[in-house]
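Each structure below is given as structure tokens.
Below, chain A partners chain B and then partners chain C, in two separate complexes.
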Partner chain A sequence: MAGSALKRLMAEYKQLTLNPPEGIIAGPVNEENFFEWEALIMGPEGTCFEGGIFPARLTFPSDYPLSPPKMKFTCEIFHPNIYPDGRVCISILHAPGDDPMGYETSAERWSPVQSVEKILLSVVSMLAEPNDESAANVDAAKTWREDKTKFQEVAERTVRKSLGL
Partner chain B sequence: MKAFLITGASFLLSGMVLFNAYYQKKQFYPSVVYITKSNPSMAVLYLQAFVFIVLLGKVMRKIFFGQLRAAETEHLIEKSWYAVTETCLAFTVFRDDFSPRFVAMFTFLLFLKCFHWLAEDRVDYMERSPVISLIFHSRVLSLLSSLAVVDLYFINHAYYSTLLRGASVQLVFGFEYAILLTVVFMTLFKYILHSIDLQSINPWESKAVYLLYTELFMGLIRVILYIFFMFIMIKVHTFPLFAVRPMYLAMRSFKKALHDVIMSRRAIRNMNTLYPDATAEDLASSDNVCIICREEMDTNCKKLPCNHIFHTSCLRTWFQRQQTCPTCRMDVLRLPRPAPTPPAPPAQPQQPPPFPQAFQQFQYGWLPQHQQAPAAAPPSGSTSSASTTTTPSTTTPLSSPGTMGAPPPFIPPMMPPNSFMPFVYPQPPSSMSGLSREDLLNMEGEERQNIEARIHWLRDIQSLLDGAMLLINQYNTVASQMR
Partner chain C sequence: MAEADSGFNYDPTKNYDDQICAQQRDIEKQITDEQSLVSNILSFDVLKTEYQDDQVFQNKIQDIKSRYKHMRKTRGDGNCFFRAFGFAYLEHLLKDDSDFPRFKEVASKSKDELVSLGFPQFTIEDFHDTFMEVIDKVGNKISYEEFFQLYTDQGISDYFVVYLRLIVSGHLQKEEDFFMNFVEGGRTVKEFCNQEVEPMHKESDHIHITALTAALGVTIRVEYMDRGDSDKCNQHDFPDGSKPDIFLLYRPGHYDILYP
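What follows is the complex of A and B.
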């Protein structure tokens, strides 16, 4: 058998397929490479992303779980904490050393205790409650703060787009 | 599609050139002369040569790698751009002996470099895939051995040509191939380690350590090579601008490897001396899964002062990055932190003497002081549950500002007589008691001396706090041994 990173990813995959959390599907893109995952995230109910299904890609480093994976939405999504190119900016995806936004305490950063499931659940809660304090997409943060109806419109458009409508 | 068109066009053009030459001159030798004299024909033929080398690359790739993965292609393109830029820079240094042969040699070097990078990526991939086929092994082995042979040949060639004809551009080639050879060795070593790892069911724990040391060693060789090369180049030619970036990268990675090795050594030492092995009861009382690798724990586990249990090997790899508990993020290095003033206090004893009496003496030494300074301050936020009973009594007299006027007599009662804990207590402040009016006045104002006075007192307070921390830790250790 191979490295500990691979073993752990396999264990997490098994766990995720056995009891998948609601609204989340995730797994390796192909079973020969467990370090590239694809995830589908359902927009949380009662938010402007409700009904959307957003595909994302997770890329794991070879020293996972010591370093965090990277997550990137592969669809268009307009959200204060998601860069225009789809990269997700949440604190648990940041290694404790670096602090791109300069505000996170190390307590909310990555540690091996985190897992794919926890990351995806935090992304779902991030979709529900954007944090406009630390914007990755400044336009989205501004719209979210100042013009909720417009944000709603854009979000609904991305939802429709994510469904291929 | 585009590549296909270019290839087709190139073949067509060179066919036309050859046909034209032969048509005009009718014989082999005059046609060759005609072609070499004609610039357009030569341009077409150079293009053709380039197309040939790309095709050759594709064939070799097919043989040695099969389909490239997206990440590999990405790395390849990224690195190639840098390499091309550096090659162009190198051309400027050697513009005097610029010739087609020279360009061809650089192209071939670039070509080989690509294969070295791909081999590195491929071997790294071994850790990522659950299925490694036999064909993978044969491909990697044959690729690495042929690369090593080619590198050696070129080093040899460069060496003799430098000996015979003096320093020339061959110096650069010899050096570049030497660097590539270190890459081959590194890759080969990684491959061997990964292969050994693949043989066993459980992850091989000491692989990471071996990898670290190889990286350190190879990094050192690379840095030496680069410095040597720089030195020679400056003496013989000019400053080799094209080697600056790779040299910087080599130095950085060497520094990183060195740092990693130091961290890893420290982590291992801490593992061995500071944290007790988890007992069977410990394992039974927790949920028995190592949070780092998500596997069951049976043997070889360590318990941190915060009572969290992990596999020894998992914990070690984590401590190389960070000295905190993965679960609660308690800073574990606070435990053995040496006091600021004394020089190099000895590490924690591995075998404490029978502690009950020691502990009693320890406490008796403290009690009177506790009564002396009954100022009740809340316990500082100690995360360790084991120490909560003793923590307030130690922190209170030291950290609360109320005691500034009447500090406890420090040294003698604190140190247990039988050298229970060979910590050296930080030097107590010079005199905290007589804070005269003059002293206080001295601290007011913005002059240098005022600030110095303030800093002086802050330092004293700092060392008091450090002392308090040390004591807490001692209590902690005692408490954990009692349990």
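What follows is the complex of A and C.
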């Protein structure tokens, strides 16, 4: 089914190029391989990640969009829903039933009618509103819950770092 | 099982999602390796062997055997209702094409309806294309062997199943005022569709069957083979009181195809 996946990824790339959502740039790392994308996500305004530009990798399976891609930030980012190694842990990257830790019942899930755009928009909301219920980074979740000032400081440091400052 | 036996110590500060997902992938792979998407025609002896020591099921198998000639199994991958429905109905159309023009019309129009409900065109196009290709081949009277080969091609079959799921989702959302009364867990119809209908491998319930049969104008009889006391299987026709086009066998969590 790699042929179908490629066709769909090309359609999504075209869509994202024609109507880019605010604060998001995404596309294949090179045109030879449509199954590996790079995304740049701007930290949402009015949050402690404001001003940052965070690079991430999306890796698509050969049966995409039946199965979701995986997403990993390639920069340092301290966040309850991002593993220390950068992997993103949000409900839309999982089909229902793939989350023994339990996402909220109203949480958006992966299905073949979701898209890269929907994932990236969810990631932007996740940056703005961490969900400490299903934590990928326990330390970050704890800091977010108990010491907002410290969380803010760490976030601002990663923002400066993401800009190479 | 005691944790000490497995050498596993649960650490509540750890996130086990990855390991559990990996285990789930293993189970899925095993099912894929062992069960075909749709089997050849089988006699009911296979069920008799499966439930060898189970009198309740033996009685019900006998009941089914008295009313049906044979069966066909589908893979237990959570898509079995849709897979069984698609196979049985297309096979029915291969034998009797009187309903074909009507069905084809409904199928072609369905894409525009989904777009008007807000599904982005680029997310549904490929599934609709495959859906129509399969239907057109059936309309062009391919042989049974060609049909079987087509429908058991994993890629084609999965895309066909996805599109049936989208039809169900579209119908539930279109008739939201009615179906909202049947959605469990305090969810909206849209949330239910996103979580229980659109994703692959999510099992089907009454609500899916009701929506699919209504949306496509196809009638189904389901024979329920469960642990209930009766010697006979309960049956339910969708929609109520219709003359069924196709027949499915339900066992808890699974649908197969029946032939009268």
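Here, the second predicted complex is superposed on the first by the 155 of 165 C-alpha atoms of A that agree within 3 Å, B and C clash if a C-alpha of one lies under 4 Å from a C-alpha of the other, contacts with A are read in each partner's own complex, and residues count from 1 in each chain.
The rule we apply is simple: contacts are C-beta pairs under 8 Å (C-beta built on N, C-alpha and C of every residue); 3 or more make two chains touch, one makes a residue touch a chain.
Everything quoted here is computed from the prediction, not taken from an experiment.
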Chain A as common anchor, with chain B and chain C clashing or fitting: clash
Chain B versus chain C as contact partner of A:35, first or second or both or neither: first
Touched partner set for A:65, first chain B, second chain C, both or neither: both
Partner chain(s) touched by A:112 [first = chain B, second = chain C, both, neither]: both
Partner chain(s) touched by A:135 [first = chain B, second = chain C, both, neither]: second
First, second, both or neither for A:89, with chain B first and chain C second: second
Contacts of A:20 with chain B and chain C, given as first, second, both or neither: neither
Common ground on chain A, meaning residues reached by chain C in one complex and by chain B in the other: 1, 4, 7-8, 11-12, 15, 63, 65-66, 95-97, 106, 111-113, 115
Of chain B, residues touching chain A in the complex: 69, 124-132, 194, 197-198, 200-203, 291-295, 313-314, 317-318, 320-322, 324, 326-327, 329
Interface residues, chain A side, partner chain B - complex: 1-8, 10-12, 15, 31-35, 62-63, 65-67, 95-97, 106-107, 111-113, 115
In the complex with chain C, residue positions of chain A that touch it: 1, 4, 7-8, 11-12, 15, 63, 65-66, 83, 89, 94-101, 105-106, 108-115, 134-136, 138
Residue ranges of chain C touching chain A (in the complex, touch as defined): 13-17, 20-21, 24, 119-120, 122-127, 154-155, 158-159, 162, 166, 185-187, 191, 194-196, 198-202
